[in-house]
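Chain nomenclature is as follows: A, B and C, assigned in order of appearance, with residue numbering initiated at 1 for each chain independently.
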């Protein structure tokens, strides 16, 4: 794997392979010394044009567990705010010895520009670009679903026939986009549930089913339901009446939690708005995979850094 | 030691043991290669909800000297400012592989909630919570006093009969609180000297003596006098008339410096307001332990991280 | 080398020696594992009172490649903004175990005060002070020129007779100052080209030639031309009419680029204002050394940290 820009780029074999390498990486976390020497002497730069402490430290933890050196480059207070172009910034980082650039950017497509423009040789990993994609999030979600379903027998499996419902602000969600592409590549059936105001134009052309009634979606007993985070700024922008109304119609409240199928798992990309898109009981129930998702995020990011930097063999 | 939340939790044996392990750690700093492999593969997260560069880098230096990986998580620009709860933040950090969480929080009691709520398995170290406690500061103060008094013969000793005067803003000081408990546990006699407006309600129930006259306290020739930092915001809040007045009544100025007993040492938790609570001459005199306190701070934090993460045997 | 405060302190032999050690360091970047164990157990503190992400991460990358521990201390949100003096900050850092302090400060002369006042034993490296000096920048510029001219045969050489033109805001440029001293020490002939408003008072006493006509300077076919960055705030301060006018008179535009001598190289300390002091074509042409300068910056900083911390023998 040369870069990781979009989950749309991943074919079935590659996607399963990333998940399998992540299984190897997850085992490292169970050891007495939780480190592999694999990337010693390599430098990973976290180039974050948007704040995202959680994603940044997940990549940082992943890189350090592989013994890479990590340099955090926040766009605040940097030359970028003095008007330096993405090109100059990237070339500067590479000239300083960056072997991989993990980029978070508010502009959709920025990671692909960085990878395709021929400015740098470093591997580029998309850590979220605008409303476009967040492929490592989709990979960790797929990994989490596969592991819940198959446990120790996960290796080599895809998600053929697994039914996943994604609920909430699809319009602004790079998580929903990346998951739609990756989960369907892995064979899953994806349903979006959202108010019409929070669905993107053109969603009917996506490989997903669209529903507006969360209760009907729950009644179909999906294998997994993923609750997206509602951003405070969306509420102010009048995409829906108010928090209580949103919660009543599109939230996983305690009543809906009680009606979920016996084995339906609940995913959330975090951070959660307890009481808004998800109730505290749902967040803390055994169905919730939130903590597994975070732990799996480190394993997936180790796998991705390993694959883009250390070649194609498994650890 | 499972966590370090409060110096009130430490019994005499445990307190002496932490000081003794810190003696071992101090020796590492004298070596050619100032590193121990003890915590290799362990991850220490500095979870700072308040800015405190000095305390943060002291813990960072301590963790790195033990070969741990360090991840700095500042609450600014993080999910915390997006409304994420302490619980979710802590669980996220643990899921990412944190073995110890060093927490600084403006709310008194936050570290204990984190340790006791059953949310995480990681060790919790209190790096200052509200006006409540700052136990590693008290430990480094006790270590500094013991080392000044007994030098190479410090190991195994307590502070029985040692007389310590703590001067200044007791009301808002977690340093004063943590020292009151720890020093008296170690056998020291502690006297608070402060204007009545800067003493906490209920202080008469503490194991300390209270005085209002600094000159009288100095005339009793204590072994150590600790000058607390005056925060600029206290001056604006009218707890005392003005800086000059404070300095005249409660500051360690040059006249008082000249009247100190021949062996009375002067402590200050830093950063100092030279000319306010302490004169430049006092700050720089051979009595001053300020630089030793900083160096000892790293040794104490190495000892604490070692004890909570690597078990109960000495290094 | 005890400290690196000013390129004016470097005699010819020392300057050539730093460049030669940097040649050794540059080879490390070509290895499979880009790390030397040389500074393991040493702590380098980046003490930055001004934001400068590029310089900070260049030093950070250099220190990590030598296996040192790096602690970043930004003056923002630190005790410094609470009024702590440079002295107390420096002593605190040293007490925490800093072996070298890399300091960036808005006050000209701050690094020398730090080194000469006897406050600390740590090595001090000037990473830019006010409008005074930026010696590692000058060293990397000299290194870049030498390497372009002599390639693998660079070792041991000075810049005798090499002609360098430095163009732009000399008045506010520590880069121009440091280069003027270092390049002339190395035997180069330096010409400043600038509008009269952007030349410092007293420049006629410097070991440089001053010209006001960029086209005339170009017609003399220098070996290297260095375009300084124009700061947006200078434009607002009316040092010159406007950006278009500046570019027309003092910028390396495409017309001037076409008139450069066949072997004239183009340097820029970065970040570039494309279209202002340098055209995009000039920035990206094979003459441009901008990326080499950044890569060489890490080698130079490795050499400097090595020389101040590990003695005088080559790696």
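Note that a residue touches a chain if its C-beta (ideal position, glycine included) is under 8 Å from a C-beta of that chain, and two chains touch if they have at least 3 such contacts.
Owing to the predicted nature of the structure, the values given are computational and were not obtained by experimental measurement.
Asks: Between chain B and chain A, is it the same set of residue numbers doing the touching on each side, over half shared, or a different set?
Replies: different
Asks: Using only Cα atoms, superpose chain B on chain C and state the rotation angle in degrees, rounded to the nearest 5.
Replies: To map chain B onto chain C, rotate by about 120 degrees.
Asks: For chain A versus chain B, what separation do you get between their C-alpha means, in angstrom?
Replies: 40
Asks: Would you give the residues of chain B that are in contact with at least 2 other chains, written as numbers and ranges?
Replies: Correct list: empty.
Asks: Mind listing the chain C positions that touch chain A in their complex?
Replies: Checking each residue of chain C against chain A gives 29, 31-35, 51, 53-54, 57-58, 60-61, 64-65, 76, 232, 270-274, 290-295, 297-298.
Asks: State the interface residues of chain C toward chain B in the complex, per the touch definition above.
Replies: Checking each residue of chain C against chain B gives 40-43, 45, 69, 71, 73-74, 77-79, 82-85, 88-89, 91-97.
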